[in-house]
Amino acid sequence: MIIVFKPRATENDVNRIIAKVERMGLKTHLSKGEMSTIVGLVGDTTRVDPKQFEVDECVERIMKVSEPYKLANRAFHPEDSIIDVSGVKVGGNNLTLIAGPCSVESKEQVIEIARSIKKSGAHMLRGGAYKPRTSPYSFQGMGTQGLDILVAAKEETGLPIVSELMGEKYIDEFNDKVDLVQIGARNMQNFDLLKEVGRRIKKPVLLKRGLSNTYEEWIMSAEYIMANGNPNVILCERGIRTFETYTRNTLDLQAIPVIKRLTHLPIIIDPSHAGGKWWLVDPMAKAAVVAGADGLMIEVHNDPECALCDGPQSLKPEKYDDLIQDIKQIIKITDKTL
Amino acid sequence: MIIVFKPRATENDVNRIIAKVERMGLKTHLSKGEMSTIVGLVGDTTRVDPKQFEVDECVERIMKVSEPYKLANRAFHPEDSIIDVSGVKVGGNNLTLIAGPCSVESKEQVIEIARSIKKSGAHMLRGGAYKPRTSPYSFQGMGTQGLDILVAAKEETGLPIVSELMGEKYIDEFNDKVDLVQIGARNMQNFDLLKEVGRRIKKPVLLKRGLSNTYEEWIMSAEYIMANGNPNVILCERGIRTFETYTRNTLDLQAIPVIKRLTHLPIIIDPSHAGGKWWLVDPMAKAAVVAGADGLMIEVHNDPECALCDGPQSLKPEKYDDLIQDIKQIIKITDKTL
Amino acid sequence: MIIVFKPRATENDVNRIIAKVERMGLKTHLSKGEMSTIVGLVGDTTRVDPKQFEVDECVERIMKVSEPYKLANRAFHPEDSIIDVSGVKVGGNNLTLIAGPCSVESKEQVIEIARSIKKSGAHMLRGGAYKPRTSPYSFQGMGTQGLDILVAAKEETGLPIVSELMGEKYIDEFNDKVDLVQIGARNMQNFDLLKEVGRRIKKPVLLKRGLSNTYEEWIMSAEYIMANGNPNVILCERGIRTFETYTRNTLDLQAIPVIKRLTHLPIIIDPSHAGGKWWLVDPMAKAAVVAGADGLMIEVHNDPECALCDGPQSLKPEKYDDLIQDIKQIIKITDKTL
Amino acid sequence: MIIVFKPRATENDVNRIIAKVERMGLKTHLSKGEMSTIVGLVGDTTRVDPKQFEVDECVERIMKVSEPYKLANRAFHPEDSIIDVSGVKVGGNNLTLIAGPCSVESKEQVIEIARSIKKSGAHMLRGGAYKPRTSPYSFQGMGTQGLDILVAAKEETGLPIVSELMGEKYIDEFNDKVDLVQIGARNMQNFDLLKEVGRRIKKPVLLKRGLSNTYEEWIMSAEYIMANGNPNVILCERGIRTFETYTRNTLDLQAIPVIKRLTHLPIIIDPSHAGGKWWLVDPMAKAAVVAGADGLMIEVHNDPECALCDGPQSLKPEKYDDLIQDIKQIIKITDKTL
């Protein structure tokens, strides 16, 4: 961390700030320029809140030199983390395929889709039982009954299941029934939930990026879960909010190489929610694989016209199968295996 | 709601969609143009999910004609809502002043600030006991002890207290101790929390706008709380995320006239979190009053240099007092009273 | 400027970079931390391109300490610049009122509006003769004929005129006819035009902020004009592009105190283009005055229903008059005079 | 185009608006709902400015049904446009590779790079002679001398050349020397330049997307060039401005399928400017190819450490060669050929 002083800061000001830093157990390096004086902080600054210094009238600004995260930081853990989801490996050389309906609607629907995606090569089944909906008047999901349908589909097909956890009160149920616990984009900075997930969820966690969250904020939310006891975090990019209105959100594929550089955690891509249009899924899924994604989460619905949620972004099973067959070719030019 | 067909849609396609609409108990109006055919839906479309039609291959797009919210909609409730917060009225011709430290740090601090802001004319005391922090390593607030300090300050000064609720498990405590329950910007779409707040919080709710949420999403989150049983919602604009990095966020004062046009709920402005710099608070607070805000929520700290949280955006008590004295002049040219 | 090295940088790397800096005539300060080594550059770094160092594999990142602009920088010119526009002063304690139609449509229209706004108290007449339109099929302005109408209105009323310059080829015409030359938001980074305006425009320049440009980029565009010979630049905030779609753009009133802190140039506010709705103009204009704006530029049209451009955001003359009468009250609580 | 009336609109209001529409030579369809009345406009609405109606007090809002562009619209030109750039075909089944330095710095540099990229398989040479720079104090390019160096490199290697046109005054020079005339992102809405380019540039045009421009605005800028006489437009996505600050811009690869659906024009991707970091170029370039891009424009510099501009985002020739070899494998799974 570096403290830049205002041109009018006096020697007394600088000494006062230096003394404050040293009282925190850190060392300092002073550098006087023609335009401004700067003081570098030496030592572990993870717990130093820059605002304590920024507020001082003699301080122009604070610049961070090192990242504020440790457990997720690749600098301290150079090799890829490989997360085990009930036997399915995520990360490293694995390309993990997750698919399923946006919402669980009936047992027949889910089992039909699960069989179909398994045949195409998917490794996990996703399905929403508790649904985050912008409107209180929209279908809110089947809840416990929905989770039980997913469990039945797992028994039928062997596919581990992924579902979104919307609140602390469902934690025990999710520990019982779900293999990979999803934290949705709109809860990415629900810090109370992140802490409880870190403390009490015994399964790996799939942490979606918030619609307008930076890479650093996203990694800090992973750090919350890790610092509270659960190291098994998988990141999921699902599109960010921009000025563009033709698509639902803008898929940020640069996130793949950036996240891999900054952290050791796996990153998977959800092209269905990003664009909000089914015909964007195929090209974006392939692009994600080539860019190095560790997995894909794709919505598949046997009858998108009648889906209770997000029909326009779902692939029909045949289209999903076509996509996976193409990906089996594409993967040959990457270092991944299916 | 209007369904726009693709140029290649056949008469069969159009009839099929019309039949689907009519099965939902709605009427339709058909209009054939040179370029495209459109069908208007007549009746209550609040519960119609546009995605059900959007997914159809013959449909180009769906356009909404009426707002998706009812309880918060000014069209159905033309007069301003006036919310009573333990005797303090918010909305209508009232300008409500809320102030206090970002975080509760000690009893002495809070009582000193509370006395000072009361003397300046503030109506409510704010203070964070449970704090949403981007980093798990930052100070997370004093919790219950912090709330008790706020209660002590209320006993001392008579000022109702405002504090942020971060999770369902604190609801009983907040019902006991807090007069106005704040939902933070990062929880604006924590739908599970919104539902519980609607069902179980017996006090008015201050709903902050999410960093990247549209007016409509914000109003829909108020609608969640109202539809679940608590009609006493106050909206709070606190800055939105843009490309600008010099300020923390961009304060959107257009929100004031827009929210007043679309809803009957009061809207207050938090200029402290928006800009993240104390010297932006004074001009933005005054601008908000002139633009018609129903209140101001401002951070005041007796020693910003030592604040454990958000020092740079806090005013010292003397500066707050100066601001309020100026506002007493400004208010004369508005239709508000203090 | 500060160079932060990667943890793996060797002493040789650091020495190599230091030598490179010193060859540029600058001095360096070295600071070795536990986590990283940093080198501060001492001297005039305005012309140092950070990318020259950023590209080096041993460098983690470059941090700027001082602003990249000089002529516009308040640090080197502490008092407000007051710009003289054909006798009308802009900046300092003056509140300057500019009004008029979006587009010049006819002589009768412009003269009628000019008389009306003059009566209300406006100091300058605006009107578009060359119009930047998103569509090639929209009305593109009356061109030379439009400018001549503005000149006629000036002769009639004495109001100096403001109009937008869209290309270098109109420079002589604008030098002849226009008192304040506007550079539109979409040309804010048309660097070729900025240079020519600096070199050849003999009148003051009104530089609008681009829809997605930062304060620093905006000031750098002013610096282009100033560095090329024209020091008389007035800045104009007209709303920025955000995710919100209900309003045309989001008016950023924090720009007022920020621009005043960073530069000595005047800043005026255009609330008409920002929101795109006439009913947002009144509250936002008042808010801008209270926040310290040096002026207001507002669209006034005698018949908005028939305006060829931007009718929905124009005020009728009576509404403009009401607004100015209110502003005459509001201004008493500021340090400005009309 | 659809006109939605306010609930309080009277029958007289509706009739008045209908009469106004019919005076424009269009037909109308009236539809009365419980909540609101709507009128659909039938006929060619390309030249109808929605603002003419939006301003009416009885009108709630205007909704567009058809796109405002014609010449660029795939609906009227279903097959891909294939643009001939001095013998190199862009569009259709071709994958076109453009590479070269950000700025022309010397003849030796450019010829060395040109030879190297040609050997790797590139089809065109790019290089900046006139440079758009945020700061007036940065290197502004070699101008005419730079273009002459590019011409010399073309003579040496046979590669057609691409360079950015920054103003009307260079048009003759560009017609003489350049094969593909680039319009930069910051000039995407420099409408005066677009018109002149349409009228007077005899070569194909490469139109970069503005940093914050929507797909529709981008296509409308292409339409400007086409409507003024030059049908040979190639679109180039180069990253958009978002809230993320770690990368320079966010590359929007969804633009590829969207642009192909909406228009018949080719689209190429510039991954160098998007991320601003050389290590993002390789994964994003591959992703773009798989997603269906018609070409890639990549910065290659033989000595990025000493580049006068944008060194950090340039690939060394060997890395570029590695990338092209990989792309030769990847292309097999697409419908493109090199």
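Some points to look at:
So that you can tell them apart, the chains are marked A, B, C and D in the order they are listed, and the count of residues begins at 1 in each.
Everything that follows uses one rule, which is that a contact is a pair of C-beta atoms (placed from the backbone, for glycine too) under 8 Å apart; a residue touches a chain by one contact, two chains touch by 3 or more.
What you are looking at is a predicted structure, and each value in this text was computed from that prediction instead of being measured.
Judged by contacting C-beta pairs, the busier of the interfaces A-C and A-D is A-D.
Relative to chain A, the chain whose mean Cα position lies farthest away is C.
Chain C and chain D, compared by their mean Cα positions, are separated by 26 Å. For the pair chain A and chain C, the distance between C-alpha centroids works out to 39 Å. Spacing of chain A relative to chain D, judged by their CA centroids, is 31 angstrom.
For chain D, residues touching at least two other chains, in rising order: 212, 241-243, 245.
By the touch rule above, chain D contacts chain B in their complex via residues 2, 4, 7, 29, 31-36, 38, 40-44, 60, 63, 65-66, 75, 212, 241-243, 245.
Interface of chain A with chain B (complex): residues 46-47, 49, 51-52, 54-56, 68-69, 130, 132-139, 166-169, 186-187, 189-193, 195-196, 211-212, 217, 220, 223-224, 227-228, 241, 278, 304-312, 314.
If you check the complex, the residues on chain D that touch chain A are 212, 214-216, 240, 242-247, 250-254, 256-258, 261, 274-275, 279-280, 283-284, 286-292, 326, 329-330, 333.
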